[in-house]
Structures are given as C-alpha cells and as structure tokens.
Amino acid sequence: MNLTLDIIYLIATITFIYGLKYLGHPETAKKGNLIAAFGMGIAIVGTLFLHDLVVPTFTYVLIIAAIAVGTVLGWIIALKVQMTKMPELVSLFNGFGGASATIIGLVEFNKSIGDPTQTTTTMAAIIIGSITFSGSVVAWGKLNGTMKSLIRLPKYNLINNVVILGLIVFAAYFVWSSSSSQPLLYLLLFVALVYGVLFVIPIGGADMPVVISLLNSLTGIAAAITGILYSNMVMIVGGILVGSAGLILTFAMCKAMNRSLFSVIFGAFGSTQAVAGSQSVKGDIKHATVSDVAILMNYSQRVIFVPGYGLAVAQAQHAIHELEQLLESKGVQVKYAIHPVAGRMPGHMNVLLAESNVEYNKLAEMDDVNPEFKNTDVVFVVGANDVVNPAAHNDPSSPIYGMPILEAADAKQIIVNKRSMNPGYAGIENELFYNPKNSMLFGDAKTVIQSLISELKGM
Amino acid sequence: MNLTLDIIYLIATITFIYGLKYLGHPETAKKGNLIAAFGMGIAIVGTLFLHDLVVPTFTYVLIIAAIAVGTVLGWIIALKVQMTKMPELVSLFNGFGGASATIIGLVEFNKSIGDPTQTTTTMAAIIIGSITFSGSVVAWGKLNGTMKSLIRLPKYNLINNVVILGLIVFAAYFVWSSSSSQPLLYLLLFVALVYGVLFVIPIGGADMPVVISLLNSLTGIAAAITGILYSNMVMIVGGILVGSAGLILTFAMCKAMNRSLFSVIFGAFGSTQAVAGSQSVKGDIKHATVSDVAILMNYSQRVIFVPGYGLAVAQAQHAIHELEQLLESKGVQVKYAIHPVAGRMPGHMNVLLAESNVEYNKLAEMDDVNPEFKNTDVVFVVGANDVVNPAAHNDPSSPIYGMPILEAADAKQIIVNKRSMNPGYAGIENELFYNPKNSMLFGDAKTVIQSLISELKGM
Amino acid sequence: MIIGVLKETQEGDNRVSITPKIAQQLIGKGFEVNVEEHAGANSSYKNSDYSQVGAQIRSKEDLFNTSDILIRINNFDTKELELLKKGQIVMAQLFHKLHPQHMEIISKRGATAFSMDAIPRISRAQDMDVLSSQNNLAGYKAVIKGANEMTKIFPLMMTAAGTISPARVLIYGIGVAGLQAIATAKRLGAIVEATDIRTETKEQAESLGAKFIMVDNSGEESEGGYAKEASEDYAKRQKEAVNKSLFKADLVITTAMVPGRKAPVLITEEQVSHMQNGAVIIDLAAAQGGNCEISVMNETINKYGVKVIGTTMAPHSVSTNASDLYAKNTFNFLVHLTHDKNLKWDLEDQITEETLIVKDGEIRKS
Amino acid sequence: MIIGVLKETQEGDNRVSITPKIAQQLIGKGFEVNVEEHAGANSSYKNSDYSQVGAQIRSKEDLFNTSDILIRINNFDTKELELLKKGQIVMAQLFHKLHPQHMEIISKRGATAFSMDAIPRISRAQDMDVLSSQNNLAGYKAVIKGANEMTKIFPLMMTAAGTISPARVLIYGIGVAGLQAIATAKRLGAIVEATDIRTETKEQAESLGAKFIMVDNSGEESEGGYAKEASEDYAKRQKEAVNKSLFKADLVITTAMVPGRKAPVLITEEQVSHMQNGAVIIDLAAAQGGNCEISVMNETINKYGVKVIGTTMAPHSVSTNASDLYAKNTFNFLVHLTHDKNLKWDLEDQITEETLIVKDGEIRKS
Amino acid sequence: MQILEFIKDNLHLIYILILSVFIGVEVIKNIPAVLHTPLMSGANALSGVVIVGAILVMLQADPTDYIALTLGFMAVVLGILNVVGGFVVTDRMLQMFKKKKQ
Amino acid sequence: MQILEFIKDNLHLIYILILSVFIGVEVIKNIPAVLHTPLMSGANALSGVVIVGAILVMLQADPTDYIALTLGFMAVVLGILNVVGGFVVTDRMLQMFKKKKQ
C-alpha cells in the first residue's frame, strides 16, 4: 500500500478518537463532529486516489457519481428532516452502513473461497451487516409510526435463538466446506435479514434508542471486519472504536432509562410494564435526567424556580440558593416565583428562602411573574404541585377551581421535580405533568438539586 | 515466538492498563498495584520458561540467582524504608531500571551493527537509560540530603544544551558509520551519564518529585525502545504506557505546584523564589491541595472544624454544614469547636452556624473539646487565626498572651484554610501555621469548602 | 352601594377593616365608601389618608343611617345591632355559633349578616380567609411577645463569659398560627418542639425545623383539616408525651382550637406548677376559653414563677399589617359576592352559602 | 476574705452580680460569700438557692459592716459610699469619669475601688469584660423590644391576602451591641442597614448580612478599636448618607458611644419629624445622653408618629442570662486579682492597673 | 486450532483491537445523558467508514464485472449516505449547545 | 528516507504506540493530587518491565560470553530491584487508603 495513504489513515484514525472524545462534552461536541468528519473526508479521498491499481476511467466516473449522489442525497435529507424525526433518520443511515458492509461481503465472497480466515470474515460481514440493515429499517419504521409499535410473536425468544444459532452453523458450513454456492449464499443473506427483523420487532418503542445504539455498535464491528478483509487500518480501528464506544453508550442509555440491556432485548414484557407505569389517561410523561436538566439550564437565558411545600420537606433551601448563584454566575437570569399559598402556612416559602439568604429582590409575586413565563426558557418546579395545576383554570369540578396559579405551562420548557406521581395537598392529579413541554425529574428535592449543582459545576 | 507467551504478554499488557487506571482512584489504587504486579510476574515467568532457545543450566541458574537476589534485596529495602524516605527510594529504583536498559543496549550494540534501525534503537536505549540512571541517582542524593540541594553551574543551560546536542550527533555518527568501536561506545555512555547529572543538579529540592516523575517517564520510553529491539510487545506497550502516563503525571504535578515544567527544568531561579515566598523565620509552611484534604478527611474517623471570623466573611456557613453532613454520611465523626471569642461579637459562630441549621449538639465548647484534639485525625481550621494561636501560651509579649485557645496542635493533622498569610484581629503571626503537622489550604473559605465537597462526592 | 367602615370598639384592637388603599380600590369598582372618624388612627392611617382617595369621613350615627353594608372586624354589641335597618348588611367576624342572641336581633331587624369567620377553608377562598391571615400574624407576634417577656434570650451563645443555652419553645397546635410560631422561634435560634392532634402536621412542623412530639391519636377524629374535640384518653396520653418538654420549656405557645367549641384545656394548673421558674405561656386560645387552665383573656397571670399571658390580641399589636391583610380579604370577599356593584346572592356558591348567616331577617345557620 | 453581694437598687434592674453557681465556685476557691436578702429574686434565684451552695443571707447593713469586698453591678449612691470602712473594697460599674464626686468619697473613707467598666479591651481580659457581655444582650433585646413595639412584622411574606414587605432596620454604631442587633434583626427577616464611624466595621456588618452605609470618615480618629468624638463635619456627612435609609426605616437602634464622654447626637428632632409614621427608635445610649435628640432615659416618647424609647435596660430584661454572664465576668476578674484568696495588687498588670481607680484612699484615675 | 494460528499471525492486529476497545470505552464513559443521542448519531457517521471498503470493491472490480460494479455502486452510495447524512444530522443536533447568550 | 521506510514496515507498531499513548493519557488525567506519589511509584515499578529484556539478554547470551552474562546478570538484578521494590513501596504508600473505620 501507499505510504502517504498509510499516514492519512493514521491521521484519520486519530481524528476519530478525538472526535468521539470531544463528542462527550457539550462544549466540544460540535468540534468533535467536525474533526471526525474531516478525518473521514481525507480517508475517502485518499482511498480514491492513492493506490497502486490501474483503474479504468469508467470505474472512476462510476465511483465519483456514486459518491456525489450519496452526498447530495444524504445532505439534503439530513437538512430537511425535522428535529423530532432525527432519531429514526439516524437509524436509517445506520442501516445503510450495514447494507454497505453486506454488499462488500457478498462481492468479496468469491475471492475468499478457500481461505478460511477470509471466508470467516466475509461471512461475518454479510451476517452482521444484514442484521444491522434489516434491524435498523424496522427500528426506523417503528419510530416512524409506519410499523405498529409492539408486535409480539409467540415464543419469540426461542425462535430468535434458533435462528441465530442456525445462522452461525450455516456460516460455519461455508468456512468448513469452502462452498461457493451462490443460492446458498443468498439464503444465508435472507436468513440474516430475517433475523434482524425478528430481533427488533418485539422491542417496545420507548426502547428503540437503545436498540439503535446497539445496532450502530454492530455496524462498527461490521466495518472493522470488512477492514480485516483489506487489512485496512482505518476501517479496523475506526470500526472497533465505534463498536466499543457504541456498546458503552448502549449500556449508558439503558442505565439512564433504568433498564438493563437484557430486559430491553429479551424482557419485552418487562418493557411494556415499565412503559405502562408511566402512562395514564392523560398521556405519557417524560423523564429527564439530572444532566439533561443541568445542560438545559446552563444553556438558558432565563430560568424561573417555582418552589413548593416539597422544598421545605426536603430542606433544600440552601441547595436551591446555591443552584441559583451558580446559574447566575454562568450568566443565567434566575428568579423565584412565589405563589401566595405555596407551602403550608402563609409566607412559608419566604421563611424558607430567607433562611438561606436568598435575596428578597429575587422573589417575584405571582401577579408580577405570570406574564414573564412565556419569555422563560426553563421553569423548574421543585416540590410544588397544586400551585401550578391547570385544573384551577380548566376543571370546575376540581377542589382548586378558581384559585389563581403560576402559569408555568407558558414557559418554553418545564421541569418538575418531585419524588413520585403522588398528588399534593389538594389530592388531585396534575395535567401539567403530561404537558408535552414538561419532563419529570424524580427524586428528593435536596438530592436532585445537589446533583444538578455538581453536574453544572463540571460544565 | 511462543504463542502461549504471546497471550501471556497480552494479558500482562492488559493488567498494566488496568493497573494504571485503578491507581488513579483512592478506592481502587491498592488493587491496581496488585493487578499490575501480577501481570509483571507472569510476564517475567513466561519470558524465563516459554522460549524456543536452548539455554544451558548455568545460565538459568545465573538468571534465577539474579532474580532471587534482586527480589529479596528490593523487598527488604522497600519494607525497611521509612515512610518519609519513600520518594528518594522510588528515585533510586527508577535509576536501576534505567541502568538495566543501558546495559541491555550495551550488550545488544554489537549485534545491531549494520542495521540502522537496530543501531538507532540501541543508541536510544543506552542514552536514555543512562540519563535516567545518573539523573535518578542525583535526585536520590538530593532528597537524601547527601547532595547539597542547589548546585548552580554558570551558564548551565548553555552547557546542558551543548551536551545533549553532542550526544545526539554522537549517536547519529554510530548509526551512520556502523562503527563498532567499544571505546567510543563507552565514551558515549559516559557523556550520557554526565548529562543526566547535569540535568538534575541545578533543580531545586522542592521540585524533585516532578523530576523523578519525568525520569520515570523516560525509563518507560527506554523500556519500550528496548522492547523494539526484541519485538517484545509487553515491553513496547508497557513502556509506552508508563512513558505517556508518566508525562501526564509530570504535568499534573507541576500544575498542583503551580509551576510550569519549563520553569522546573530551566527556571531554577524562579524555583528558589517560589520557595522563599513561603519561607519565614518560623520555618517552612506546607501547602495542601483540595484533593489532599478531601482524601485526608474521607479516611479519618474524627474530624473537628474550628470556625472563625473568616467563615463569616466568606459566608461559608451553608457550605460547611454540607461538608459536615457529607462527612458524617461517610462515617466520619464531625464536631465544631467553638472558641468563646471566635468572630467579632459574642456568639458570632453560633448565629452563623444556626443559620445553616447546624445541630446544636455538634457544637462543642472550648473546655470540653480541648482534651479531644489529641484523638482527632484532622482538625480543619477555617477562617480562624487568633483563637488557635499558640502564642497565647508561649509568648508573654504577645497581645493575646493569657487568652485560652483551642489546642488544635494536639491533633494528628492540622489543615488551616485562609486566604493568605495575613494575621487576624490581633495582628500577630501564628506559629501554628509552621507546625510540621500543619498544611495550609489557601483560598476563600466558601470556594474551598465547596471544592472539598465536590471532591469528596467523587470518592 | 354604600359601604360604611366602622371604627373598632374592642379595647386594644388597633386594626381597621378597610385601609385607604383598599378604599381606593373599592371606589374604583364603583362603591361609595364612608369611613368613621379616626377609624384608622391606631393603624397609622389618618382621616386625611382616606379622604385623599375619595372616601367620606362620617360619624358613626351617619354610617348606621346611610350604609348599605356595614363593615367591621369585631363583633357588634346588642345596642349597635338594634340600630340596624331592614335590608342593611353587616359584615364582621360574628362567631354566630357563640352568639346566637346577636343573630336573633339581626333577624328581628330584618337585616342581613355575613360572617367573615365562616369563610370556608377551600382553595379558592384562601384570599378571603381572615382566620388564616390574622392567625398567621398572631403566631409571629406570640413569639416576639414571649421573647420580650422572657428573662432569657433565644439563641445559643458561646461567649467568653460562658455559654447561654438556647431557649426551649413548646408549641401546642400546629395550625396556621402554630406553624408561623414555629418558624419565628426557630429563626431566633430556639429549640422548638410542637404537638398536634392531627398527625399530618408532623411533616409540616419538621419542614420548619421543629421536633414533633407524637401523641398516639388513634380513635380521634378530624374533619376537613380541622380537629374535632379530643377524648379524655387522648388528653391523658398527650400530657404523658409532652410533660417532659413542658417542664423544661422557657416559652410555651398554645394555639389549639376546635371550630365552634370551647378551646381544649391542654395545660392544667398542676402542670404549670411543675414548670420552670421564669417560664412564659402565651395562650392564643384565651378568648375561646384558653388552652391553659389558669389563663385569663387579656391578662398576665404570675403563678408558680410562671407568667401566663392570655391573648388573641397578637394581630392587633401588628395592626398595620393586620389591617392591610384583613382589608384585602374583605375586598376579595366583596368582589366575590357582587357583580357590577350589586350582590349576586348566589346561594349555589359555597362561599356565599356558608358565610350568609342571616338573610333579610331569616336565620340560615345556627 | 469575705465577699458581700448587694442587691441592685436601680429601678428596673433585675440582675444580680453573683449567681448561686458562681457563689459556689467562689466558696470553692476559699472565699466566704454573703448575699443580701432577695438579691437574686428578680433573676429567678431564690435566697434558698444561695444558702444551698453555702452562702450566707445577710441584711444590707451587715454586708457593709463585715465584707472585705462589696460587689454590685450598678453604681453606689453617695449615702451608701459614706458607709464604707477603711480598707474595704467596692467593685461595680463605677463610671468614674462621669462620677468624680463618688471617687472623692471613697478616697475620703480610705477605701478601695475597682471599676468593672474600666476593664481593658484586651484579649486576655475578654472573659471579664462586662461591657461586652452586657452590650451583647442589649443588642439582642433591643431588636426584640423593637419588634414587640412595632405595628408591623419583620419578615417578607407573600400571602393570599397580599404581600407584607419586610421591615427596614437601621443600626447606628457597630460595636458589640450593634453587631448582635444586626444578627438578630437579620434572623427575623428584616432588611438591615448599619453605619459606624469606624470603617473597619464594614466587613463585620456584612459578615452578618447587613448593608453598611459608608460615611466618609477622613479626618476622624479612633483609638484601640474605640471611636473618638466625631467632628461636626462628620455628623453632617453622616446625616446626608443615612437620611434616605432613616426616613424609610421601621426600626432604628442606636448604640453609638464614645468612652468617657456623652454619646454623640446622631438623630435630631428635625430628622425624627421626617420619619415614617409608626416607626420605632430604640436608643441604647440614652443613659449617656442618647443618640437621638428627643430620647429620654427610661421613657417612651411619642412624637411625629414615632416612638422613641430611651433605655439601657435591655440586658436587665433578660436578667437571667445577664446575671449569669456578669457573675462569670466578676468571678474571672476576682480570680485574676487574687492569689490564694488574697489580692495580689499587681500594678504591673494592665488589667489591675486600669481598673483600680482608688487604692486605699488614693485616687489613681480621673 | 486455526484461531490460535490466526492470533499468532495477527498479534499486532489483536493488540490494536484491544487497545482500540480500551480507548473507545475510556473516551465515552461518564458522558452526560443529553449527549447520548448526538453521540449515537456521531458514532453512526463514523461507522460509515465501510465506505472505504466499498470504494476498494469498486476500484478492484473488473471493469467488465457488471454485477460487482453494480453492487459496489450501491455499497458506495449507501456508505456515503451513512457518512454524510450522519455527520450533518449530528451537527444539527448539536446546534442546541450553541451558547445563546452574549 | 529511512524513517518513512521504518514507518511502512512497522505500521502496526506505530498504531500500537499511538493507541498506547492515548490510553496512558486517558487513564491518568484527572488524578487527585494525593495519588501523585503512589502513582509515580507504581508507574516506576511498571517501567521495570525492562527486566524482560534483561532476561532475554541472558537467555540469548553465549554461555561463554562472560561479559554478556555479567552485564546481563547486572541488568536482571537492577531490573528486578526496580520491579519488586517498586511494587512493594507502592503498596506501602497505599496503606493510608485503607478504610480505618468499620
């Protein structure tokens, strides 16, 4: 191989490492993506031109045409897609990568016959690539709504395991027999595609991101395996990096959702239960993690805290004051919206916040602050419930009907911190929690705020 | 090479990675050391027995004797040495490693003649190895007190640079000429040894740890280079790991000392000034870092806080309460020792700490707490000064002579937090700060305590 | 519609039911407001403050003759009620259950009576709830008064001249007043303990830093957040649980009440005799008979070295704030009752229904 | 050596110079302690409390006849001093600079006088420093008294019946009393501002949460942590800087003093007339002439809608704590002065030197 | 024991694999949850590195082997879609981390 | 251009070196200051991996080449001293991190 190309690959590999590294921090993520894209670019261009093969112009034109078509298409799709549709797009793209690996495997299959190592490699590329492909497409369809979210086959676990075992035996047969049968090869391909479908289909919609991440990790491995075919370092190292990082990410996502990977993949029943637990007549509730909220606040201009009785119960007055000061030091404007009957006695919030020396001019009265919510990036409701319950406006049968409330729903984003879905003093459900703009951050107010503080300090 | 040996080396390499990783956290450090030692053990045993060479018994006996002698000696020395003498011992051991690399280079030199790559490698092993050796020995001597701490040669920077340049030219000559002259080789060795001495001799005693770390990193590189000679993976990867980790560590140490590596090595004048700044008639003061103090507290059983006026100035009452609760949650007993005239008005500390809801029964009066200091692992003096000043006992001319004080000096370890060496209300110096058991943790009390909290939370 | 604001006649009550600011708001809503001479004087509001915002200063007689609604904080006496005219409305804290004879007179005169103390404790009535707004101030002031009467200070102080141990404060009844008392005492640095028959108040007391003294209340009833009368058995258990704290207390504040009944006796004379020399008891339930056996309304009894102060007067002594809040409550109530200056008489509405004691001579509640 | 503990005669002073606990400690040191009848009664200490620890209860006459040292908190009057015998020692807050005639009598009688108010403000004398221990309590109590007198509450409260804005407290003089007043007012939730002629008090005030009102003090002197008399020019600058806060204040506490002189007038009648209706001034310097022009010692003046209370009595009203601390100070002082029950007369020692006003008839300080 | 043979022949490669795994893991752990999706998307773009293989397929294909060329063409299009689309989508996702304030 | 030649011949090795540097750096950064000395000591023990080379020198030495044997012997002794001493000292340093409580 060409030495310059070697060095280019080496550089590309290093950009991949830095790219992933930088993607791990909000401040550097954008830079990381660009660096990795740059590395990919030079690797592609290098591959195209720095080789010792004699390539007819026709082929070159074809390749460049393919690249041009793909680039333009990819770019346009990526720019056009709505923000909310991005996860399914990622899934689709990932499937394309898998398909690409499969095709390479198919093409290389003939050349590899006889060399067990090479055959093993092509087999792996075909199988993993096509599982990723069909799996990703299913995932895309599910997120898209094209496919029904939860399809359950009877005994699907058993079936799946049989299929995957069959696939392995099938592949082993190829390696061992040095068979070059094309029909058999396409049968293998077909079975692998089917397995991909079977694998993803029983998994619940809420767990899709985890699955995509897992499939993504698989694509990386497929790329690495294909790289072995060509002894191509950038494919090998790049693929493995994506494979391992993707796997870790998958685990991290599971952890953030409080699920185990096992239960995502196999315990599809568990999954339905978990989803049901956070469902209600009112719709779905969304969960936020501490780091989500920390980043959200960090990148806001205006934040309003709505304290309630729970803040007093948690004795989180000192913590919230520290959070306020920290945010202010980062250039975020913070206010406390004090509802006249928040807490359990008149002036409860005042007593509480005075204890931690919150400045009086940071406390806003309900009537003054209500018009401000609509210009507020994040409203953080801590241990409050009734005082932000829209039932006071909407539901004449509710015991709090007619009470003025803090119009938290006007804000661009709502975060509610409480320990559970239990109601407050008035004993009624709160529709705000099901507002699409709202995410719940469950936990004791003090603990949660302290975690927010450490998270924010790390930014 | 033997496949089993390859696998053993692979495993050893992995243990090295884990070892270093674990050494980075207090909880796992011990385990990390043991894992790495295990890896080293199997690598050595593997090397000894899993090879395809025909080795006469005599040689075996010799090798095993060498290992036995070295092991026993190393073990005994390491166990016998006083805690305080450990850094110089590390330096000495490091020097031995360098010497070992040098010797290997010398032995392999003859075989390498003609092959430029090999010759370059042997040259590098000899030069780097011997610089490390002589440098480490000088560092050892300095820490030991055997050598005068600061020896300054005129124009030493110029001399050093000339010598190192000469060394490189010398080595290049060997590679280029394929010379096999032994006298010249030993001249090279000699010059390299001299350079090691020249390199370390002008560096101040306080900066020795940084130098040792740097030399240590060099030994790692020497090991890796020697590894290339034998295409030995464990040496290569292990050596590079130590090399890169050692370098990062060197920078970290510089940062912790608030010095740049450049100023440590070249700016020896700066070094004397820095040391002078923290000297006084009373002797030296020691600095502690936030993480030192955090770990110290974390591994203590009994901690006493001594708050003073500075705590009020910093408005750190909430922070210290959080620190107290955090430590208690980690099983550390925490008390506040309240001096009757701490602060600027009677009961100042009481008012302050009541604000952050410190429990009354955590506050100990002077007379009750004074006998307890001697059973206290760490006393943390925050923004207090006069109330712990031993001049009240010792110095009849002092304005506070005769005032009862908190006997912080009785504790096993003292940490004083204040912003500077400025005196307190009485306007007098405080000998406690020069107590060998004391370390200063400079900074605003609130900032410092908050950093302590985040550090402790990460443990 | 003409609103007549009467001066308070009750000894020591410095409040006024409508402040100049609220008078202005009422006038803005189209009401005519007449104010008795010097009605606001004790709350730092001068006649001129009222006339400036467009209210008329009148004599008491005038007010009774011309007003559609007569407003005052405290109850009317019989003589005053005899002056009422048919169709006239009175609005005050009438405590109709304790004073059925007053209702009789109102009924006889064919007048109408709204009782401010009967405003239901529901969410949307919170801004008219005079009991809450006034009891809250009472809780604060009880602590301040107690601190002023004590010969000790509240906070712990470790000084060169020795250590002053913190005061121990014990609070009976964790309603609105009790909670504010806890908060205030805690702020000043006291060790605060509190007890209540309703165990749901434990969390509330603790959220303000008090230690809750738990008394087994099995078998006791409560209703809508209010306590019902306690059994004798409960009283015994309570004494057992609380005595230890009571006998160490420097300040005791009692706020326990049962709506429409005499306040329960929680501290007997015998218990007082075991209390610390120098202790102070502030009995905020004194007007309802008192939670302490020896307390007398508006008096300070010194017995067994203990000062027992019977009062509901606490809000009166912070009359400026108390008047502001009361006036605001009244304003919100009036706005709720009326539409375009006229009463709606919406008896479907819970607030109107429960506060309307006498309607055009017909006694609706007793 | 016989110590005679006299009952305080000054109207309203409920303290006692030696408490039973300290009496016991003195007896433990070998002193004989005689206590005047009912000396401790107002601080909740009974005669029996004293006799239980081994002190004798005696009549006042007896004490004057038999004691080696006569102890009291407040100054003696001329008649009492005439009873002194040669060699007898008196120990009290004599304020000798203000009362030279008293020193004359003591000198004439050949007696000895230690003045407790003259204890130097040095570190090792802190535990004998009665000014600190008593002023500290005064600072606390001034706020409590002020809060009790006000018709508003201290904290900010946002309630359903409207928002109560926090009280504004202004403190003149940031010595021991001023600091404790800041701390106490701040605890209760007030907005606190403070000013002092010594600018080094800025950081101290801020460490307790008050806003410091800076007055340019160039040209003014201070000495050993004490202020000297301020110039007229300073007084003018001070008024300009502080008036804005003064006219908005709900409570003003003045503590400014200059040792050995009349207290400076910081608030003139003209200023009072601009203050808020309902404001309260507590003048802790009233005994030294007062920081407020219209304040009168031990009286409450109502003028321009402002209550002006002249008092130094604050510590007396927390007599239990005040007596404990004073007694402890006295004990430490006695221990310092004596060795094995006998006075050391160590005039090299700064504390002895500065407090010994008259020695065996010779006046040493004036 | 072909696997052992393979290991022996590709020792360096195995080191590279293992070291890469370590780096992948070290570099990603402790990532905040908000970055999960962008990171997934970025990693997805990176996994498009198969494009290199796809290009090689075409480069090496016999100009008359239309099947290989066609398949290769598809592989390149799909691969580059993955790469370009992946990076662009990631970049868009990361817009939210632009500091809004000034 | 021998260096380029060397790179070409040892491409895998260079990958390994670079990846190792990354790991070394990733694994150590953010280490608390109290662990500086123990880590230095531990890394020092690891750098004793030259012992492997020293053993190889002796194994490969001609049994009659006394110079090589003697030098090798020294190299082994010094190397093993570095290893054993290094690990033991590190272990002792880390005693302070034993939880004292129970």
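Note that the chains take the letters A, B, C, D, E and F in the order they are written out, and that residue 1 is the start of every chain.
FYI, contacts are C-beta pairs under 8 Å (C-beta built on N, C-alpha and C of every residue); 3 or more make two chains touch, one makes a residue touch a chain.
Note that the coordinates shown come from a computational prediction; the quantities given were computed from them, not determined experimentally.
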Neighbouring chains common to chain B and chain E, by label = A, F
Chain by chain, through touching neighbours only, how many steps does the shortest route from chain D to chain E take?
-> 2
More contacting C-beta pairs: A-C or B-C?
-> A-C
Chain centres computed over CA atoms; the one at greatest distance from chain C is chain F
Average the CA atoms of each chain to get its centre, and name the chain whose centre is farthest from that of chain E.
-> D
Count the residue numbers both chain A and chain B use at their shared interface, divide by all numbers used there, and answer same if that is over half, different if under half.
-> same
What is the distance in Å between the mean C-alpha positions of chain B and chain D?
-> 57
Distance from chain B to chain A - Cα centre to Cα centre, in angstrom = 41
At what distance in angstrom does the C-alpha mean of chain E lie from that of chain A?
-> 18
Going by residue number, chain F touches two or more other chains at 12-13, 15-16, 19-20, 22-23, 27
Which parts of chain B, given as residue numbers and ranges, touch two or more other chains?
-> 17, 233, 237, 315, 340-341, 346-347, 351, 355, 357
Provide the list of chain C residues touching at least two other chains, using ranges where the numbers run on.
-> 126-127, 132-133, 136, 155, 157, 159-161, 164, 187, 189
Each pair of chains that touch: what are they?
-> A-B, A-C, A-D, A-E, A-F, B-C, B-D, B-E, B-F, C-D, E-F
Which chain C residues qualify as touching chain D in the complex?
-> 14, 43-44, 126-127, 129-130, 132-133, 136-137, 140-141, 144-145, 147-148, 150-153, 155, 157, 159-162, 164, 184, 187-189, 277-278, 305, 317-321, 324-326, 328-329, 332
In the complex of these two chains, what residues of chain A are touching chain F?
-> 3, 6-7, 10, 13-14, 17, 233, 237
Would you mind writing out the residues of chain E in touch with chain A in their complex?
-> 2, 6, 13, 16-17, 20-25, 27-61, 63, 68-69, 71-94, 96-101
List of chain A residues in touch with chain B within their complex | 315, 318, 321-322, 355-357, 454, 457
Considering the complex alone, what residue numbers of chain E touch chain B?
-> 4, 7-8, 11-12, 14-15, 18-19, 22
